[in-house]
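Naming follows writing order (A, B, C and D), and every chain is counted from residue 1.
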């Protein structure tokens, strides 16, 4: 299988202004290698993040040019498998970053919380820091998306192009639907997470370098406004915005649009999601918050006859 | 078993200023009857909500005086069983109320969305409107809480006293921890939901009149800041606030406090929830939004030795 | 002139459940005495607020029964004069309260900011702490409103009944329009500010005990949704909500409704406010944020012929 | 005086990836020509915006290379004069854009508000649509900023680089302080407003094509986090974020940092702004909201001896 590795520096933006590092045909399975969100620089618990980390975080592999993709199409990224490329993961507390701390935008007069590093060993399907901090291997790509057509967006930001959504449903077995804004789509991914709770509370999952096996598919001439995800049993939409209620409105609003495409009346879809929809927080720490709205296929795809 | 029914008018506030309708001892099992959120007034799909509904909604049964409860204690309401007292449920679209509409506070210049009524028949464990709108019976109490000490809070509002949280985990088999602010706790409940999606998107679950079997327990001399929930396998905290990120901060913040009581170091609890916590939206429609943060007991209660 | 002083304890809620302390006829001028927001308890810079202050803050004088007021009317409180009843004011930093600190709802893991007290001497129309902290006497009532009909709302909360709005335009020479929700209106006021910046950034103005000269007027059979203010040259509406954009939407939305009453087409009013409206932050620290939208009368009252 | 006109297409992004259109030395006065926010395409009240407008709005003139500017410096843009280049201005209602409407991020199920165009004639210092809609000429640059170092940010977005702040204080006589992120600073401006209310309520000011006379100055080796503005009598900081309270926190937080540079103790600056600061809403309609915090120089620059 073809392997795609970043030839030079990784990208810190989802940008239409970079040269593609590879061209991939729809239907071809490829393996994409990714660095961890800290450029693999933090390796032990005595490291001090603020002394080690540079200005840019969350390096992305890409852009990958998808042949045949044109603006107005939808790109489906089928995530087939994720494997680690090392046997440990890392999480940290970084000053003024996280869900329960002042940040540069939720600006306050407090001193930063302490810095801290946790190293997890990956063994027997578990990530083990100590007996208390010991969690199962549940890998997903924290960051995945396409280039906007005019903007170059920080790899730390989730938005309508996808990006740093940090939602655990971008995982093996699921398919991610992304808008195509430029010829070739300019797909990027990175930020492999060995596991993460909903909300990514302290701002950092169990970060790992990895390789992801993907296959791409195009829906020609059909556009979407926000990323969608399909699992074997559910359909989902992801909204990324602030305040968090706007992310919720987007996620459920886009899911209603999907249901309308499946034949639903708008108000009946609104009603169905009121009674059987699910809505969880992917991240509450990034420059936009990401929420996932979902409905089981058995309710969404019901035969109307 | 003793049955508690509202003798006169139900209450539309969580208030310390009303006379208790019953006194209950900790440990005694009681059955509490509740009206639906529309005072049982909407009964068919041709009803027009704005013509039928009065100024006040969400009638509560209470206050129920819990013997021995003193300010500074914690009241545990064990929800043992919920049964319907009729064989149908109702959901509606009410003007300027819901998750994807302008409201009196998210004020806009739009005309209201159409009004609409859905009636669900309850049969064979399913709530059936038509073949598309057909969902399982998953009952819970939408509104449950204690009186504040000085304020009288609308039954439509969730806050630190509990109230209209609309979180599906206040269900049979689970225990709800509530602050005691006045002698006797002044417990209220109502708003029985035959089922509801996360977010309660259109603002209205499948509303039903019901009876709930409960047993109360007191933790003397221990106070909590926000409601907590315990299931057989998980511990949870509920935050209710606007914007939604504040509800998220409260929920995870209170859960960290619970974990500290279980012996966790604060920053390790912050880390654990980052990797294994869950965070879903109970309601995105009430005067405060309610989010539930949770962690499985097998991660929270791990032996530290 | 009749003087109204609280006979017993002040009220810490805007409540319909209390006995009126006085009855006033529309048109009668009265003087109302108010304590400062800390019950006059903090008197020197060595005081430690968290050791001195009790559970309840912001004592209100009231309820004052306005004769003839019926639900559905509008009460106008004309503020004629405000005088201090002592020659000093106080501001403090209180733990977890203020605009640039974590709070119980914007919950974080930070330690609280330091506590601090500033005493200002009032002399020659200036409030003087030192040469740097020296500001003019610009008094207004931080808290002013009527009782809700069913709820009893904390005196710390601003909402559609008025309350703790902390907007500097509730000052001498201006008139405050308030909804009447119960017979007699149940008017309360307190929280006299010797001066305050927009936003009340640290959470506390220059607090002073005072007496306010007022005259009441009723508009029979006309209701308003949110407080309005009239100055000699401007009309204004106050929105109180979270997040702050909802307060902004309410303030401008209610002002458009006022302009429609003056004969404006809705979309033209929307347009006029886009070009000539003003919008400032009264408080960014209370349980709801309060914003004031305004337009000069010379633009609002233009002759349409 | 040297005149700078966009040689080809205007830019719709604040981008470090474009070729400078001019090089300017600090101290040199230049005149910069700008198109209106609709590319001058809407010219009469019968125009239908959604039929005329393309995908991109708010064309910027730039980038202008400031000689000697290096990352870490601060660029001061002195606004000396703004003149219109035509005798009319335009405002519109655009579908799903504005302060009192659903938008793509505050997503709802409402139909859009009506579209509408208002043309204002500029004569005798007034902008006149009719006798009701008639407002003074108060020009300012709605959009002004520098390029980020890695991102290319939409010209519709205000952020820490400046951009589409829509704050009426970026006007003649005032100086705008901007961060320098790339060599040459890459300055852009556009979106000349003939006048605008606080909040820019309907989303559109009185838009006009114009020419602005500016002079640039560099502060070497001193960086700022967010834009600042200096008028002859005040110092100000601009915060742009969502929700609006975060914009408020940034604005006052950055102003405290400026006061600390002037010799203030942090908590005394916090106190001073609580009593004498001003805080108004520039825009409540763009992808981030922009708030301006300010203090008069007579309070900020007081002699400490």
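In the analysis below, contacts are C-beta pairs under 8 Å (C-beta built on N, C-alpha and C of every residue); 3 or more make two chains touch, one makes a residue touch a chain.
Every value quoted in this text rests on a predicted model; they were computed, and no experiment measured them.
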Original post:
Which chains are shared contacts of subunit A and subunit B?
Top reply: C, D
Original post:
Would the interface of subunit C with subunit D count as same or different, where same needs over half of all numbers used to appear in both copies?
Top reply: same
**OP:** Report back the single chain whose CA centre is most distant from the CA centre of subunit B.
**Re:** D
**OP:** Compute the distance, rounded to whole Å, between the mean C-alpha positions of subunit B and subunit D.
**Re:** 46
Original post:
So how far apart, in whole Å, are subunit A and subunit D when each is placed at the average of its C-alpha atoms?
Top reply: 33
Original post:
Of all the residues in subunit D, which ones touch at least 2 other chains?
Top reply: 100, 106-109, 113, 242-243, 249, 253, 256, 267, 270
Original post:
Does the chain-touch network form a line, ring, star, complete graph or other?
Top reply: complete
Subject >> Interface residues, subunit C side, partner subunit D - complex >> reply: 91, 93, 98-100, 113-114, 116, 118, 127, 131-135, 195-206, 242-245, 248-249, 252-253, 256, 264, 267-268, 270-281, 284, 289, 291, 293, 299, 302-304
Original post:
For subunit C, which residues are in contact with subunit B within the complex?
Top reply: 12-13, 15, 17, 56, 104-109, 150-154, 225, 239, 241-243, 246, 249-250, 253-254, 256, 266-267, 270
Subject >> subunit C - residues contacting subunit A, complex >> reply: 100-102, 106-111, 113, 243
